[in-house]
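Take a look at the structures below.
Below, subunit A partners subunit B and then partners subunit C, in two separate complexes.
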Partner chain A sequence: MTQLPPPSSVKLGLVIDLDTCVGCHACVVSCKGWNTENYGAPLADEDPYGADPVGTFLNRVHSYEIQPDEGAAQLVHFPKSCLHCEDAPCVTVCPTGASYKRAEDGIVLVNESDCIGCGLCAWACPYGAREMDVAEKVMKKCTLCVDRIYNENLPEEDRVPACVRTCPAGARHFGDLGDPDSDVSQLVAERGGLDLMPEQGTKPVNKYLPPRPRDKAPEYDILAPYLEPVTDTPKGFVGWLDRALSALPGGE
Partner chain B sequence: MANGQPDLDLSPKISDEIRQTTCYMCACRCGINVHMKAGADGKKKVAYIEGNRDHPVNKGVLCAKGSAGIMQVNAPSRLRAPLKRVGPRGSGEFEEISWDEALQIATDWLAPLRAEAPEKLAFFTGRDQSQSFTSLWAQSFGTPNYAAHGGFCSVNMAAAGIYTMGGAFWEFGQPDWDRTKLFLLFGVAEDHDSNPIKMGIGKIKERGARMIGINPIRSGYNAVADDWLGITPGTDGLLILSLIHCLMKAGRIDLDYLARFTNASCLVNEDPDSPQNGLLLRDEEGEPQVIDRRTGKLAPWNGAGVEPDLSATWRHKGVTHRPVLHHMADRYLSDDYAPEAVADRCGIPARRIRAVAGEIARVAFDEAITLDREWTDFRGVTHKTMVGRPVSMHAMRGISAHSNGFQTCRALHMLQILIGSVETPGGMRFKPPYPKPATAHPKPHCKVTPGAPLDGPHLGYPHGPDDLCLTDDGRPARIDKAFSWENPMSAHGLMHMVISNAHAGDPYRIDTLFMYMANMSWNSSMNTSGTMKMLTDTDENGEYVIPRIIYSDAYSSEMVAYADLILPDTTYLERHDCISLLDRPICEADAVADAIRWPVVEPDRDVRGFQSMLCDLGARLGLPGFVNDDGSQKYADYADYITNHIRRPGIGPLAGWRMGETGLQDGRGNPNEGQIDSYIANGGFWMSHVPGEAAFYKPFNTAYQDWAVKMGFYDSPQPYIFQLWSEPMRRFQLAAEGEGVRQPPDHLRARIAATMDPLPIWYAPMSEALEDDGAYPVHALTQRPMAMYHSWGTQNAWLRQIHGHNPLYLPTKIWEANGFAEGDWARVTSPHGKITVPVAHMAALNEDTVWTWNAIGKRKGAWALDDDAPEATKGFLLNHLIHELLPPKGDGMRWSNSDPITGQAAWFDLRVKIEKAPAPAEAKPALPPIKSPVGRGPRSLAWKVGS
Partner chain C sequence: MHPAPSVIIFTSLSGLGFGLLFWLGLGVLAPTGWVAFVFFVIAYLLAVGGLLASTFHLGHPERALKAFTQWRSSWLSREAWASVAALIVMALYGAGLVFFGTRIALLGWIGALLSIGTVLTTSMIYAQIRAVPRWHHWSTPAMFLSFSLAGGALLAGEIMIALPLLAIAGTIQVYTWIDGDSRLARSGTDIASATGLGTTGTVRAFEPPHTGTNYLLREFVHVIGRKHSRNLRVIALASGFGVPILLMLLPFSHMLAALAVLFHLAGLFASRWLFFAEAEHVVGLYYGKR
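Moving on to the complex of A and B:
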């Protein structure tokens, strides 16, 4: 069993805007690319050109349909990766101490050299956010790009996770959710950011911004004055036209 | 270890070198940073790809395809060497040959054709982005049979935009993302263009502006739209005309804008006895006439200081000639376009149509934007401000890939123009070198002279019957029948008809079919099984009906097996390219830009960039423009061409870093041997900003026109007004009415008269009149997923893990009526064919529409995938259900399943019936495997380059 450190004041994490995510999977593949080349073992793919390709991904996008009682069905795209929980059950369950939560910023990582690939952490994670690498048999998970966010070889603006840097719709935000004045904390406050499955008691650091209400256009009754007819016939239209043109600058 | 934690290297080296080039995983053409690292062998390899922050298209972001580009450079499906067919066509039996042998074979085939009958070569390119180069090659060869893939893609959108207002969307124009307050997205689920739309939607959402999605399918962009109208396919034009009806009836139109900047104020010749009836009245100089409000008298539209009157009429010899706006009132105020009249047909309640119209009216006029920026129009009138109507629109294939698509796209452009939102703040903005009206484009050319070049560019914009490509006896001059009476305004050609027509010998037989990046034996053809038969069909002597096929591709696509000679291309990271202003540029509304690709890695196979290969082949054939005076090869390779080709004096493929008299300059100038190096040093692109006073009202704005001339887009100012009334269309209609010397064949008269209306109309998709409505009640569509849209890499090891399956998605009504359950299969039948495929339920759909992802399905043996890959066992194409011809009418004619105006492939007119079927072992039709020329991919992959 592994102990969690005392809660850190800095809580780095992601804020994901479900109102804006178009489900394009850009974050999924950017993450795959960066983390194949960087932290720990490469993210392997078994049978990549065969019947049942199985690769390791640290971030995946799921799509869910919502069917409200009234109105049309909706589709919500839902990117999911490790939520870097404050009470991370994947850490406390780890028999070797390989799974740990960083004391300084709260990032949950796997020290691959200590990982025995027992998979207990994946069972303990209620979010299904960990994947056993098919080739190396070590547990892989989102590192919050710990090798980018402090990296002095990167320009400062690039010191964000790969998924955030690449997101075309700007639906992914990175920052310190422990600081109530940070941009991400403000965004969560403004938009009513939510914990995923709070009943699990894991206190996830990552937050989700809920979709704004759909299909709530102003009713026609409110807009009707804008369509008040000036005419019902082409002839009447020309009459209106003459009057309207006279009212324009330069008209008589 | 601090706190018992391992010490981490938080600042690892990112890479050994960043090479900046242009992505080609789709047609979006984003800038990319390719991170190179030395591999175990010491050679630099591609280690990671990210977006280039400085690039005008993507500003740093990158989509799934772009990041997965690394899996294309290592793809096992890459072709390795030239191939000569040794088995029967379609078997996939090839032997590798040298480039010398391959090019000698091609030369031996093509040289006699050029000398005797150049039209016997049909040269068509698919997802190619070098059309200004490939068209030059074809023109030098002398064949009239050249086009790219626009005819089966989105020519309706492009051509309707050019004819109506000088450009449409995507490469031509974009919403003013930074200012728009209401955005309407028609018929775009996940496609063109890719990252800019996502970035734009992100901006809109951030500002709290609203977005309305109009699409039968609520996925992708439509899933995040604030409102969704699940329209019935093929009825967008009717919905748009209903919105126009509501806005005109309420007088919510921008009269000042219409009067000054559109031909709404031009007078229509209403003399029924005039051969010009229905055309605009013109003065002796040929300029359309308006009534000048200052004098009440006739004046040319572009006269200095003229104030065109939208209402005044002109009576002459007993005939009253009225301005275009009167004709629009006649048409669109009709109750035929009332929301109540179109609601059922469109599948949208009348109240919702009215609500959308009301919202457009409110935002356009109550939330108008005024910029304090003075500008002067082409009549010399100075305006103190720039007034914007912050309603913007975007549309693409969903509305254009129908047989009524051209008129629907025209209607959409009319809607934008009516509210004054084109080229105004918050509306739709053109991207230089657009706007460019049809009159500033070339006309099509088709005059063949053996041994000599064609008489001009193949593709262009006809303005009437005189511009058609017909033989002396009035038959189509081109193999695809583009610019014939069957589809007079087919600005992009009809690639989808080439194989069918060549096989039928209609209008004539060809000898060699030469194609590039066009998967015609699979997902790029209608009637896929039929196309394979045509490609392999033999005549009574046992010879192939299409005698020779040359194909170039980088990968082992399905088409490879159907060619006789394969000229293997490189991947996009191994080649030179130019994304040229002469072609399909990458500009932004506020900037002109072009870009290059360059070999960030050298090919490790015996392959050549297609365009470099054409420089060699062109020289072997002695094509003018490809040889020097002494007959030697003019361009060593494509890079040499990019640097040194001169299109017009001072104008070459790239506009940046040209050589002027005193040094380097933009736009115009002489070739510069260091030009490509300058591009590489600048991140692979060049960009120059539009001056602020020139940023809006571009077609009418003197400052913009002057800047455009300086940049070399055209050689003198070309101001114009928007063409709500289309004279080119009226000229074809006049011919159909019997006017003029060049006359359509009688069997086409009625159709031309009905469809070529000079004002936008809506008519039911062509196939509907020929099908039993009750037998095929369901609309069937495809779309490409965002992670694969326009990609030449759906075999990509990473992307296929995201989209390796494509069930047919069924709406609740059909799902429940047939008692479908998860895991079920359905037989899908169209008038043309049957397929049996896996189904899935999706509630967020138009209730009479089914759909699937396009081009997931693969042929066994193609793309270096295993035969039991899900793409080959459960994947399927709807293409099998779509014929390239309409159902026979009993007149013995072959009627193309295309828009009768432009020839755009009417993919989305497809209607089917759905029945539950027992689950077969594999999706049907199951085709036998083809032999792979490249073998199979590895069993596992862990692509880490660095140590």
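Moving on to the complex of A and C:
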């Protein structure tokens, strides 16, 4: 059913700390691994060892440069996967009912046996969270590791999405963003977590914690003001050579 | 957006076919016998041929029947219903004209409404997509509807109807280009809102997540097709609307009318190519592209 369910009280999602992410892509690899070996069709790779490898991924890490008006530029690593939006446009456009949002926890999923591979849901998603699998010809997307988080065959510490479990920096957090007292909600409140493309009206559940401002090192060098500035005009023989060459036609 | 030939052919041909069915259903022309047969065959070849072409871009066409289930929310599902309903009703109406020489007016009106409704549902598939600001606008259905009505009238040989409609469709076409060119910039979505990083400085895409290409770049950041945009716009406008209008102002002959239809079709393909190739999906912003 591609009509959206009424908003669920439980909203499972991710909180991604852009201040902490080191851009190692471990989440990308663990996501690809888990979702190739477990639920649903495996994630295809075309020409994996050739000149033009192309593959399906449910999570990708971009890197951005922020250039402030003053000072050095800052590099931010930016993991991006499905945001499990409350008003998910990818769900309502689906003609077959393959794309749906779970009423109980808000996870957006694709029923692959109903998917006709028309690609319209990927068109509707502003975030590029859905990718058509070239081998299976069905739409693939982040499942929030629905086959891990409720899986009682796994040790309790593994009942989180693979990307969260693997992140060596602790930049990814999983929890219920519908509960204002949950750890993830507290984190979002404390750090000013934000929505991507809020103007698109999708109401994403996943939140991003912006990088904290860099510390400014105070000036400790008390001798520097007393030192002579280094001259940039050469002296002696080099100085004579510089003047002589400059006097030639075409010299500066 | 990637200008997939199957979708360009589908939207162009089925738009023309349903446009012709609209005028036939309305009774603007009410041929009977063999003449009616030829008109309906042309209309059905275009409409059904287009629909068949559209299934070529499906990953699993064998599951296409499932697309009838979600009409409550999905314009694609509504299109499936509208097209099948229009084709059935117009087949009954056509059978009356071809085999019995009688026109069942009510059936024709319903069929006309369903035919033009199919074109509307097609256009809404694109217009509903907010992630493509160029499409998310009233002018998208206006363009599809005016093209279909004008092309249908041209095919029907109704010169007095086709002339003003072609002029209107051409005008809407020009408006969609001029206004559409700045819609992404006006949408409020940019790399700063996409990343949420714009508060402390200027954001630039530094490194993409992958060294090669991927589905997203192939499907949504298709820039090659925009290379000859200006020339294609001139071709689309002249061939699709200008030349057919001039040809119809000349004394009528079947030869000239056929030529006008061919020119219109060529212009239509160029226009539809641009409709896809020039559409910027906001996901391109994540890659520092548009």
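We adopt the following convention: the second predicted complex is superposed on the first by the 214 of 252 C-alpha atoms of A that agree within 3 Å, B and C clash if a C-alpha of one lies under 4 Å from a C-alpha of the other, contacts with A are read in each partner's own complex, and residues count from 1 in each chain.
What we mean here is this: a contact is a pair of C-beta atoms (placed from the backbone, for glycine too) under 8 Å apart; a residue touches a chain by one contact, two chains touch by 3 or more.
Quick caveat: nothing in here was measured; it's all calculated off a predicted structure.
In the superposition on chain A, A:Cys167 contacts subunit B only, with no contact to subunit C. When the two structures are aligned on the shared chain, A:Asp147 is found in touch with subunit B, with no touch to subunit C. Counting the residues of subunit A that each partner touches, subunit B and subunit C differ, and the larger count belongs to B.
Applying the stated contact rule after C-alpha superposition, one finds that A:Val93 touches subunit C and leaves subunit B untouched. By the document's definition of touching, of the two partners only subunit C reaches A:Pro210; subunit B does not. In the superposed model, A:Leu75 makes contact with both subunit B and subunit C. By the touch criterion stated above, A:Leu187 is placed in contact with neither subunit B nor subunit C.
Shared contact residues of subunit A, touching subunit B in one structure and subunit C in the other: 25, 28, 52-55, 57, 63, 65, 67, 73-76, 97, 114, 134, 211. Remark: subunit C residues 1, 57-61, 63-64, 66-70, 72-77, 80, 125, 128-132, 187-189, 191, 193-197, 199-210, 212-216, 219-220, 281-283, 286-287 touch subunit A in the complex. Subunit A meets subunit B in the complex at residues 5, 17, 19-26, 28-30, 32-34, 36-38, 41-55, 57, 63, 65, 67, 72-77, 97, 100, 102-103, 109, 111, 113-114, 134-135, 146-147, 150-154, 157, 162, 165-171, 211-212, 214-220, 222-224, 226-234, 237-238, 240-242, 244-245, 248-251. Note for the complex: subunit A touches subunit C at residues 1-4, 18, 25, 28, 52-57, 60-69, 73-76, 78, 80, 89, 91-98, 114-120, 122-128, 131-132, 134, 136-138, 194-201, 208, 210-211, 213. In the complex of the two chains, the subunit B residues touching subunit A come out as 2-6, 8-14, 35, 37, 47-51, 53, 58, 60-68, 70, 76, 190, 194-195, 198-199, 201-203, 205-206, 210, 212, 218-221, 223-228, 230, 246-252, 255-256, 259, 293, 307, 309-311, 325-326, 329-330, 333, 351-352, 354-359, 361-362, 366, 786-787, 795, 797-802, 804, 812, 842-845, 864-866, 868-870, 873, 936-946.
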